[in-house]
Structures are given as structure tokens and as C-alpha cells.
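Got a structure for you, questions after.
In order of appearance the chains are A, B, C, D, E and F, and numbering begins at 1 in each one.
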Amino acid sequence: MEDYLEKATTLVEAMPYIKEFAGAVVVIKYGGAAMINETIKASVMEDIALMKLVGMKPVIVHGGGPEINQMLDSIGKKSEFRGGLRVTDEETVNIVEMVLAGKVNKSIVQLLQKQGITAAGLCGKDGDMLMCEKNMPNGEDIGFVGKIVKVNPDLIFTMLDAGFTPVIAPIGTDDLGQSYNINADFAAVHIAKALKARKLVFLTDVSGVLHDVKDPQSFIPEMGAKTAMQYLKDGTVSGGMIPKVTCCLEAIQGGVQHVHILDGRIEHCLLLEFFTARGIGTLIINDLTKKEEAV
Amino acid sequence: MEDYLEKATTLVEAMPYIKEFAGAVVVIKYGGAAMINETIKASVMEDIALMKLVGMKPVIVHGGGPEINQMLDSIGKKSEFRGGLRVTDEETVNIVEMVLAGKVNKSIVQLLQKQGITAAGLCGKDGDMLMCEKNMPNGEDIGFVGKIVKVNPDLIFTMLDAGFTPVIAPIGTDDLGQSYNINADFAAVHIAKALKARKLVFLTDVSGVLHDVKDPQSFIPEMGAKTAMQYLKDGTVSGGMIPKVTCCLEAIQGGVQHVHILDGRIEHCLLLEFFTARGIGTLIINDLTKKEEAV
Amino acid sequence: MEDYLEKATTLVEAMPYIKEFAGAVVVIKYGGAAMINETIKASVMEDIALMKLVGMKPVIVHGGGPEINQMLDSIGKKSEFRGGLRVTDEETVNIVEMVLAGKVNKSIVQLLQKQGITAAGLCGKDGDMLMCEKNMPNGEDIGFVGKIVKVNPDLIFTMLDAGFTPVIAPIGTDDLGQSYNINADFAAVHIAKALKARKLVFLTDVSGVLHDVKDPQSFIPEMGAKTAMQYLKDGTVSGGMIPKVTCCLEAIQGGVQHVHILDGRIEHCLLLEFFTARGIGTLIINDLTKKEEAV
Amino acid sequence: MEDYLEKATTLVEAMPYIKEFAGAVVVIKYGGAAMINETIKASVMEDIALMKLVGMKPVIVHGGGPEINQMLDSIGKKSEFRGGLRVTDEETVNIVEMVLAGKVNKSIVQLLQKQGITAAGLCGKDGDMLMCEKNMPNGEDIGFVGKIVKVNPDLIFTMLDAGFTPVIAPIGTDDLGQSYNINADFAAVHIAKALKARKLVFLTDVSGVLHDVKDPQSFIPEMGAKTAMQYLKDGTVSGGMIPKVTCCLEAIQGGVQHVHILDGRIEHCLLLEFFTARGIGTLIINDLTKKEEAV
Amino acid sequence: MEDYLEKATTLVEAMPYIKEFAGAVVVIKYGGAAMINETIKASVMEDIALMKLVGMKPVIVHGGGPEINQMLDSIGKKSEFRGGLRVTDEETVNIVEMVLAGKVNKSIVQLLQKQGITAAGLCGKDGDMLMCEKNMPNGEDIGFVGKIVKVNPDLIFTMLDAGFTPVIAPIGTDDLGQSYNINADFAAVHIAKALKARKLVFLTDVSGVLHDVKDPQSFIPEMGAKTAMQYLKDGTVSGGMIPKVTCCLEAIQGGVQHVHILDGRIEHCLLLEFFTARGIGTLIINDLTKKEEAV
Amino acid sequence: MEDYLEKATTLVEAMPYIKEFAGAVVVIKYGGAAMINETIKASVMEDIALMKLVGMKPVIVHGGGPEINQMLDSIGKKSEFRGGLRVTDEETVNIVEMVLAGKVNKSIVQLLQKQGITAAGLCGKDGDMLMCEKNMPNGEDIGFVGKIVKVNPDLIFTMLDAGFTPVIAPIGTDDLGQSYNINADFAAVHIAKALKARKLVFLTDVSGVLHDVKDPQSFIPEMGAKTAMQYLKDGTVSGGMIPKVTCCLEAIQGGVQHVHILDGRIEHCLLLEFFTARGIGTLIINDLTKKEEAV
């Protein structure tokens, strides 16, 4: 009986969150650690399905680096990197597109559907969703790496309205029909902005933001965007966390209300973050724009 | 962390039920033990609110015997009983209406709304919802005790469509505008039939149906309507459980899919019954009509 | 034949008013004299039903002082009055709620339905319709007498849209779920404002506003709100008429277009006021806000 | 005051009829005496406007014999008649169309609009509404006199749905685009059938059907269609009343519920027939088809 | 095969225009030369039908001078002209109305319907569409010649929304119900403005605007409204082209985007102007108001 | 000018087809010759865009054999064939999916969008669209070659309703989430049946069906399904045309009205077939099921 009461308590604890998030569009950047282990994969899919069932509107934006590397290897293609970015020639971008939009994307669709919801796999070329130009860091041409210049969200809204969960591969296009490889974090941020999403979630390989990166006790469960900006300036946020937090802030400046950085290696990390009182990751709250501006 | 996992597991366990019951109309007969204790009251209200939040459409039909007695006492009115039924003269039926529709009903509305959902208190006179004639057991006139002859469910559907949770006092009427006192169990059955409800739930003072009323081990968690009929015939169902099970079967014959008999004294009995794998009460399943006939 | 022509003439005379008021929300404060006599009651109900049939949207807000007194008497409870207001302790407010929401309200619903329209009885607790705080005249605590601080009109609009005529008992609530007794005139004014009603009607015990309260010839059939304000200042409006006219002006300042003060003792007073060329009461016309602001 | 009460009584008397006829499509054949006198014309228009305002959906089908004759005279054209029917050559049918669709039709539209409703003048060619073939009584070719073979009611329903009152000139057409002159009574019957009208009304020059045509006391205020058929057979209905009653019965066999024969010379004949208890004409009630078949 | 390719090329050439004009309201002033010759008539009707089929919303406003003259002749009525305008007494305006609204109008409806679309013939009296006052050039009263003071476009929109092609005779009315004869060019301009039409087309007897009226080589295929204004001022536009171009500019100032002057004597002039790259007439483009202001 | 007239004639010739096919769902099997040559590709895309613009609802189902072979080659994978079918192991089906759903599919989307319409690339896994089991000819297991057992058309209808042109790669799935390679012809037939498509078109490498495969003069432009069945039986249809015609007949038996076999190598073959009087391919007409059964 005691066990029963605990179950009931958990459900009751979830109630205010279910209510608050009903109808909320939630963009989930899915990649890295959370994509490799099969158990974790299944638990992420269960979580997304539950989010959908209680009325949220999840949108998945995924990466797929390891599968790309594997494919390039299998055809004996070597990648050159400059400043951490892969030089992406025509052949490479075609492989990237094929792997992300044809393999990774459809396999996520499949996994979601095994949880009892219907999904649809798209890439940024469908419906001219992600319009790009060449991303040239420091003016250097590194090939077909895309910088998003416009998002057409109609196709995503059509899916959400019809009850399908959109799964999006970060391949972009331009007016000439060229394909571009896009960083999945950036794609997620731009899509969240265009959808005026309530939440954006990054499933990462770390537990969240720490005051002191060497001290797990210094974990920050929640902060305002203004504080996050301050932490960027004063060096509290450092190393690999800088681009991630910068992404979070760009989304918030675009009208997103909540951005979560979660450890994607924890089973049911999404449920625990969204439906329990304490959460498990770092939540950055929009204290820049008024709530009315978001939907 | 282990604790977290248990929480997640509970939420995941609830998932298929949330999916199955989305949009389902569930009529809850609320009375007896579940109405007296304040802790239990609050837990029932929490459960109903959660049901609403995850997409079910609860409809509450309530009793209120103790409050009626208290009011009659306070004005010094004595009730006569015949065959267990209160002889209900004009003055009595007016007190009953006032107490049920004016006091008990509105206080349930209030309790629900404290859980963050909106409710609307109605009685069977509103919208000519419960049309009655005199219930005269064995042809004896015991006053304004109503037997339902027609249910107009429009007002209830209007409420459900607009997102309000209807709370209904079992007061009926007729073409002349006379008020009638109706047994709340019967009112719940008729309303469930008229709404083509997916589920009807009786919150009672017992744990459910037992093979042997003296042996708690003989508890029956689930049976088909055909079996229940057999148990009524062969005496397995006996005593005070006879009218309850008869009610269940009438609802099922009217197209209701599931009828639950729950112990309303257990905290969060509704959540435990609906959203956990084992449940806690007796579920009678419609194996008489095809599923397509219900909505 | 002549008789026929008179009938036809009456119908033709009503035509422009029927056209003008089609779709108009009309809040009717129903109480006092118009509620006691059975003939008058029936005639008011007929009038409201006809208003509904020709396309108006009546909303009834009722009082019920005599029934409250009678109930308090029957349980031997004495009321203390301060400054004309009943000191309302917990027990009293419960009786008031029970009598207004459970007895008077449902009997009006019944009477309307006998005229062939469908009605639904509500109180200010349903749908958190009338949110109150304690009304403390001169800072004195006289118990649970409510001052309306917010009106949630959703439930009323739901009823109107679905074709039900709402009948509302002036019982309010607050965030803690406390019940409050509200003056019916004030409740009608606030509801009319929240609904952006075209018309607000007070059924009273007087024929309307007089220049000279002793001279029936000095009756004022129609005046602008600006004039009414002037009359309040210069003492033309005096005595018991002051709070009534003050109510009228508050409604007008809130966007109501027409406020009528009618003698509720006249049979078919509503029809005569609305559908004949001369009318029978005093009409105060909104000359403060532009017509476009109202609906 | 007494006068007031009479007015109120008239309005109240009208109430059940207003309720019963809300939304009802009523086809009115307008012609003969009711079209000539200006006072009568105005009173018919007032009546139709009032019917519209209280929720009925009037559709006017008109004749215009005198205006046609006058126009033919003015161009010096003589008509030949065979068996009471005008031999209608190409030139004649063009004049008929021009007079009915261009003059009479638009003048009725104008008169209706002066009563504050919006109307639209059409003929049977618009929207291919009245498709005809040559009407050849006894196989004799008398020119472009049309027999209706198909009615396309879409345009009429479009008008009614948009709140315009359609006024229809009885000019038909065929697949080749030929114009036909159609008897207005027949046009009204076919249109009423195609619209599944609740009522069809003939405004005539007689008071209604009489048992004995010489005895005004023998007036029949109401009868079933079966009785009307019997009266046709046994000669009770005779002379000029035969084709009129035959029309009524054809409409009823096509699903119309009520057919009225009224004296169009009586002021406000439509209001008196529809909104007073006794009526003034002969009403033939459909006792052949079940009510459910009509709309 | 070559022939085939040409056909395909033509269809492909039409594609961008079909796309651009989908849903566009196009008012066509139809009169003069394009109305007399039967072959041309048929080709205009085919063009309008095709426009409708590919998603445009044509609205036809027609004249009919020759038919009016013929009718006046046949009844021996002589018209007096002052300053080029027909003095229009009561009898004349009635003939004009009858001929335009009853004969010409319905025959255009018929011709359109033979092309497989449905049409509805209206005049400016229907739905109080064209409200007029007396047009008195230089203060001189020349009878019932109308100057449009207000357009009620509801009836036209109703038709367009329901898929009927409206055909409108330029007869106006006023609050007293008087009929007026209106210049068809003016009627087309006012209707185009009230509909916020994308295009207005004049089918005329000339090929378009010329720099030098004697030199066909000086034809102007396209110009902005500002240029057209300049040409009016500097005399480039002269003679009979002045009132036509003035009409064009009034439409453009009212928000119409494109005004076309076409030679209605050329077969399929509408198709050639709208669906081929070069067009055949003069197009005046709105460079005064922003595109967003039009619909 | 003559040239102009020819253009107009072509547009007019297209008119009845545009009208007839408005709103019609047309499934196009796109593959083989029509996919290789860039000029032909562009012309097919132009045709599909025009079909969409004039109101048809095209759905593209594509193949992609050459690209698959090329990819398999590039990773050094050799395919074994049995009875003409590729033995498809796990690695092969993954390559097939990646190439078809990730490369060919998205490039068609891109080409369509360059013509000014919006498209969305899907495969049979999205929305559980194409549910399969193993296709085992003669009971032999040749790996993951799919036989369609169920089509869920919801996602396609969602796209069509929202105005996106669906492009579908013939990859199927089953309840376990296995991927299957499906013959594109079969996929097109099943999709056409599930959509109740008006038309199904096969773009092939032949001109159509011939009586005598060696005599181009014996070309059959149009025949009924009954005749086609006869030709299959009597050997008139032979060789590679047998499976194609069998596909056509299966679609027709499933309710498709028209099946076209076109030579995809002819520029603008779709326009010429659909919008010109003679057409260029073989049309098989459904003379088995009644037209009403299709949509």
C-alpha cells in the first residue's frame, strides 16, 4: 500500500507541470551521449511520447556525427578540419544529407512510433524550412557548412496541428537548391525561435552548468538569462560550456521562455526535469522578454 | 537517484493509460465515505483534476445524505422511512434540493477549483437534464422520490466541450416543474448511459467485489459483465453489493465500457485505479456490446 | 377583423426593436416585487422567453431576501444589521448560499423552462465567476459580505453560445474558497460590465425616475447619463433612488449602452419596455462612451 | 394601460409560433391582388420583413401578368391564347423575361429593402436554378412555356445562409440557354420541394377553401392532405380552386409540411396567419409524409 | 510532336500568371464592341470561365446601350441628350432597368453558364449594392442618372465565396427606392474599389493607350499610375482616352493594383493579356499605394 | 497575331480538363528514364507544379535504382539477384533507405520547390505509412524486400490539405521497426488505392501499350479495364508490359478511376497527357467500379 501511495504522490507531483505545459511547443536537441546507448535511446523516446500524451508538442532536432564518420570511412573519404569545423565539399555534404536525413532521421521516427505516437521525419530542405548561406568563419570558405538566414516553420506547424511529432535533420538549402550541413545546436535554436517555442532542451554529456567546473556541488539548477550573461562575461561559464550557454541565450533573446541543459545519459532525464519538483539539469529562465511575447 | 528512477518509472507506467483514456468521458459517483473525511476529499479532488489535465472528461454526480439529515434536524423535521426509502413530502424535497444543489454541490465545485481546474455546479433541473416521474416501489406513494424517465445531456456536453468539469446534484424535475429527490447511484448510471461514457466509477465504502464477503483474499480485481450476471444469479454477489452490481450492469447494458467499484477511503484511489498496472478496485468490463457502440 | 388589425399593428410596431436588439446581451436584475406575486413571476418569465426567441440573449441575476429571512427564522437564527447591511457570519453565509443557489435559483430555472426555453442555474462560485474580497463599509468587518474584485465571464458566454439562458445567484468566492453574500444589484452591474452587455435592466418597485418624487406626472422616460449625473448632484435624484441610479451610471461607465429602471409589478413590463414605441420605465442612455466600444 | 396589456398579450400570443417557425424556410407565391394595391404591397413586405427578423427564411416567387400585358401593348404585340395559355413566341418570351426579371423582380427587392432587410432578385436562369423543357399540353406546341424538369437550389441556399431574402422571377432555361415563361404557382411548388421548405404560401384573391363556394360560413380553416384529396375527388373543391389545391398537394407530396391559401387582399395577412392563434386562411397539413423527412 | 511542344510551352508560360493571380478578384467592364459580335462574345465568356477555373474571381459589370436604344425605339420613345448624357425621365429609367437587368444581364449569365461555370445576375439595387444620388453635371437636372455615393459589396462577396460568378447591371438606387441609370465604367470603378479588387479590366474598342494616337507603333504596353497622370497633364493622353484613363486612375487611387485597357474585339483578349508573357493591351500599374493595402 | 491565337486555343483546349481534374488526387510513379536526364527532370517538375497550380493534388512516389547501385558500388558491396529480385540483407536495406529517403527523395523535393511550390519528402516509415511483411516469392527468403499489408494515409492527407506536395520514398516498416525495400510501382498502386486517387500515372520508358509490340502504329491511346484484362489473357499484352498492366488493374480494382502509362522521356508528357485533347500515352479507364465510389 505504501508503494501505491508513492506512485500516487509522484503522479500528483507531476500535475501542476502537466497543467502548465499543456500545449507548449518544446524543441529538443537530441544528440551525443543520449543517442548512442540503446537503453538511453529508448528512455528518451518514452519520455517524448509521454510529453506528447499529456499535451505538450515536442519537436526533435537531431545530430548524428558518429554515423556520418562511419559512412565517410566506409567509402574511404577523409575529412579535413579547420578551427574545429569539417571542410565540407560537395561529396561530403551529400553523404551528410544521406546519413542524417535518410538514416538517423528515419530511425528516430521509428523509435518514437514504437512508443505509440506518430512521427514524421523531415529535413530543412522540406518546405524550404531552413534557408542558409555559406557559413564562413573569419571569411574562410570551408564548403557547404550552412548559416541559417531564414526559417519557414509552416511545415512544422502543419505536423504539430495534425498530431504528428516532427523529427528534423539539420540539413539546409538555399534558393539554388544547394544542400548545407548545419550544426544541430544552431538549427535547434533557430527552429525554437521561429516556432516561438515555450521550451528548448539540450540533451548533453554534462549534468548542467557548474559555478566551479571541478566541483559537482557547485551545480546551478536554475538561473535567469541576465545572470547567465554575467557568468559568460566573468568567466564562471567557461570552456565547452561557452557555446552551449551562448546558444541558450540566443534562443531566449528570440522569445523562448525556458532553456534546459540536461545530462542525456540519465534515464528518463526529460521526465525528471519536467515533471518533478526538483528537476535534474540547469534551467535558464527568460527574464529579458515578457511572457506575453511567447506562445 | 534511485528515488528519481522510481518516479520516472511511475510516470512511464501511467503512459499507456493516459493514452488509452484521452478524451474519455468518465462519470464518477461521489458520496459516502469519500465525502466525509477532509483529507480524502482533497485527494479525490486532486485525482479528478489530474484526470482532467491528462485529457479525460470527468463528470461528478454526488450524494449528500448526512448534510440533508443535519438540515432537517436543524429545522426540527423528522423523516419517516418505508422499505429503506425516505418518505419525501413537499417540504422535505425542498430541503433536499436546497442542501444538495445549494450547499454540497457548490462546495464540491469550490474544492475542484482549488486544484486549478474550472467546474460548474448543476442539478438535474438545469437544462431539463433529469426528467422524472414518481418512483413508487410496490405501487406505494412515498412522495417526491424520482425515477428517471429521460436524460437531456446537452448541458453536460456543453460544459465538457467548453472545458468545465460538471458537478451534478441528483435533483430531478418533470413537465410541471416539480422537484424530485433521486438516488445518486441511479442518477450516475442514467447520466453515464446518456453520455455514452467510457467509464463509470462508484466511490464506495468497500474495497470492491469479493467471492466470499468474509475473505479479503477472495477479492475480484476484474471480471466481465457476463460473469457478474452469473454471480448475481448464483449468490456470489450478495447483500449490499447486489444493488451496486445491478447498477453496474445497467450501465454496461446502456453502452458504458468499464464500471469500477472503488474504496473511496483510500487516498488517491482514482489515480491508483486508472494509472497503475494493477489497480485497486473491482473493474467490470463490458463484454455484452461491441466497443464501436460506445464513444 | 378590427381586432386582427390591432394585433398585426402591435407585431409591426415591435419589428424595429426586434431587429435592433438581435444578438444583444441583456442582463436583468430580477428581485423584489417582481419575484413575489405568482402572476407577475409568470409574466416576467414569458417576457424573458420571448426576448430569447426573437434573438436577444438574456442573463438573469436574482436576489431572494424574503426566502433567506424565512429560512433563518426556521432555524431560529437572528440577523443583526449595521448601516442597513446584514452582519453575515459563517453560518449565515452558508444559509444564504443554500437558499439563493439551491432554492431560488433552481426555481427560476424551472419557471423559465416552463416557457419553452432551456436555462441553467449558476452562482458566482461556478467557474470562479464572481471573485470577492470582504466588503467592509467604513472599515468595519460585518462578515462575509462580498465586494466583487474580478468577474470571469467565460462560463456565462459558454451558456449563451450554447443557447442556454443563465440564471445567476449572487454568491461570490475568493482564492481560499470562502463564500460571500453579494448585493444582487452590484452583481448585476459587474456582470453586465464583464459581458459588455448592450442592456442592463432593474426590475424594481417604482415606476422609474421622477423629477419630483411626489408628482407622478414628472416621470422621466429617457435621459442621457450626463443628465443623470447632474440630477444626482443637484438632488433631483434622491432617497432610495440614489443607489439605484449610481448603479446605472457605474454600468454605463463600464460600457453598457442602455440601463432601464422598470416597475416589476407591471405585467409584461419587459415586453412593453422593449417592444413598444413608448416604453414604460426610465431609460438611461450611454452618452459617455462611443457605441463601438460595446458589443 | 389596458391598451398596453393588449399589446403584450399579442406579443405573448405570437411567442409559440415564433419558436416553432425559427429557421423554417417559407416559400411565398406572391401575385395577383396582393401585388396591385400599394397599401397591400407595403403590408406584405412588412410581414415578410418581420418573418425574417424573428428567424424564418422567406423565399418570394412572384408573377406579374398585368405588367407583361402592359408592355406587350406598348410595343403593339398581341397575344393569342389556347386553352387559357398564352402562345409564347421568341419575342414574347423575351418581353416576359425583361418585365419579370428586370422590372417586377427588382421593384419587389426594393420594397423589401425599404423594410430594413436585404434582398436579392434572381430568376430561374441564375445558377441554372429552373431547368425546363417545353410544356406542350395535349402535345400542342404553344412556344416557350416551360415545364420544370430540375431545380438547382444552391444559389437560393447561398442567399439564405448569407441572410439575403431571395426574390425569384419564374423564368426558366435549358441546356441550350433558351428562356422559358413558367407559371408562378408551379415555380413556387417546385422551389418549395427542392428547398424542402417547411411552408408554402399562396397569396390569392379568395379567402381560402370553402365547403360550399357560395357560403362564406362554410370556410375550412384547416384540413389534412388526405381530406383535401378526398374533396378534389368528390367535387367539394371545384372551379378555380382545383388547380390551386392540386398545387398544394403536389408540394405536400414533395415533403412540404404546411401549405397555406391566404387572401392576399387582407392587410398583414401573413402575420395574422402565422402569428395569431386562429389564422385567417386555409391551412393544408401534410399527413402523408413523416415530419422527419422535411427540414 | 513539335505542335505538342508548343502547346506544352504555352501552358508552362501561363504557369507563373496562374500562380500569381490565384484568388485575385478581377472586375471586368464588359461592353461595346466585345458585346456585339457573337464570336467575340463566346470567346470572352470562354476566357472568363478559364479565369474562374484556374482560381481567379471574375466579376462582370456590363453596359448595353444598343439594346436600350432598340427598346426605346420599339415603344416610340425619343431620348434627348445634353452634353452627351441622355436625359432620363421616369419612363426611360424604367426601360433602362428592364433592358439591362432583365435582358442583357440574364443573357450574359446564360452565356457564362454554357461555358460550364455558374453565374448569378444582379443589379445595383440588389442588396442595396449601388447607392446613388442624382448626377447633375454643372448643376443641371437631367433626370435619373446616378452618381454612386456608397457601395455595399456584401452580396458580391457572398456570391464569390459560394463560387458563383456575379454579373452586375449598372442600375443604382437610393433610400427612397428610386432607380438610377449609371455609367458602366463608373460602376466598374466603384465596385473594384469596394471589393479591393486586384485587377480592373476595360474591354474597349481600341488597342490601348498610344503615345501618338495616329501611330500604332507608339503603343504603350505598360506604365505606372504616376506616368499616366503625367500623360493626362501633358496631353499625351487625349480625346476619348481621357475619361477612360481618368477612370483607371480613380480605381488605382482606391487601391486597385492593376488596370488593363484591352481591345475587346480581339478573340481571347483576356487570356492573352493575363496568361502570356507579352500581353496585348495597356496595363497601368499602381505605384501610388503599397501592395499591402490591397487584397 | 496568329501565334497569339494558337496560344489562346491551347489554353481554351485545356479548360475542360482543368475543370474536370480540380481537386483530384493524382499519384505519379516517377522513375526510370524520366529521372535521369536533367532536361526531362525539370520538365516533369514544371508539369507537376502546373498541375498543383490549377487545383490538382499530385503525390509523387519515386524509385532510384541507379543511385542505389552507385552507392553499393562505392562501399564495395555486391548484390545477388534471384528471379530478378535483389537479395536484400540488413546492410543493403540500410543503404537503400539512406539513398532513397535521404538523397533521391530530398533532391526531388528541392527540384519541385524550384518551380515555386512547396513539397515535403517522406518515406513509408513516417506516420507508419507503409506497413510491410517480408515478400517471399515462391516461399524463398530474399531478405528485407517488403510486401505492403497496410497503408496509413493520414500523413499524406495532412500534407495535401496543408498545400504541400508529398514526395514518397518506397521504404516500408513493420511493428518491430524493421525497414523494407519496396518496389516503387507497387508502392504507388497501394498509395493510390489508400488515397482513393482519381488518377495513377506511370512514367515509363515506353510510349504506352501496343497491340503489336513491333508496330508503333498499333498504339492504344485508351481502353477500358475489362479490355485490358482480356488483353492480358489473350497475350496482346506481353513481356515487360505484363507487370505494368497488372499494376494498373490492381489500382483500378481498388477504386482508382484512370491509370495512365506515359513515356517519361517526352518533355512535358504530363501536361500533354492531361491538358490536351489527344493525349500521348495509354489511358486505362475504370469500367469496373462506379464513379461514385472514388473521390
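The rule is simple: a residue touches a chain if its C-beta (ideal position, glycine included) is under 8 Å from a C-beta of that chain, and two chains touch if they have at least 3 such contacts.
Note that the structure is predicted; figures quoted are calculated from it, not measured.
In summary, no chain was found to touch both chain E and chain F.
Compared with chain B, the chain whose C-alpha mean position is the greatest distance off is E.
In this assembly, the chain whose C-alpha centre lies farthest from chain A is D. Here the spacing of chain C and chain D, counted between their Cα centres, is 45 Å. Chain geometry summary: the mean Cα position of chain A and that of chain F are 36 Å apart. One inter-chain figure worth recording: chain A and chain D are separated by 69 Å, centre to centre, where each centre is the mean of the chain's CA atoms. Listed for chain B are no residues, as none touches two or more other chains. Viewed as a contact network, the protein chains form a single closed ring in which every chain touches exactly two others. Each chain touches its neighbours in a single ring, whose members, counted from chain A through chain B onward, are A, B, C, D, E, F. Those residues of chain E whose C-beta lies close enough to touch chain D in the complex are 74-75, 94, 97-103, 105-106, 109-111, 113-114, 118-123, 125-128, 154-155, 158-159, 162, 164, 171, 173, 177, 179.
Looking at the complex, you find that chain A touches chain B at residues 4-16, 18-19, 22, 43, 46, 49-50, 53-55, 116, 267-268, 271-272, 275-276, 280.
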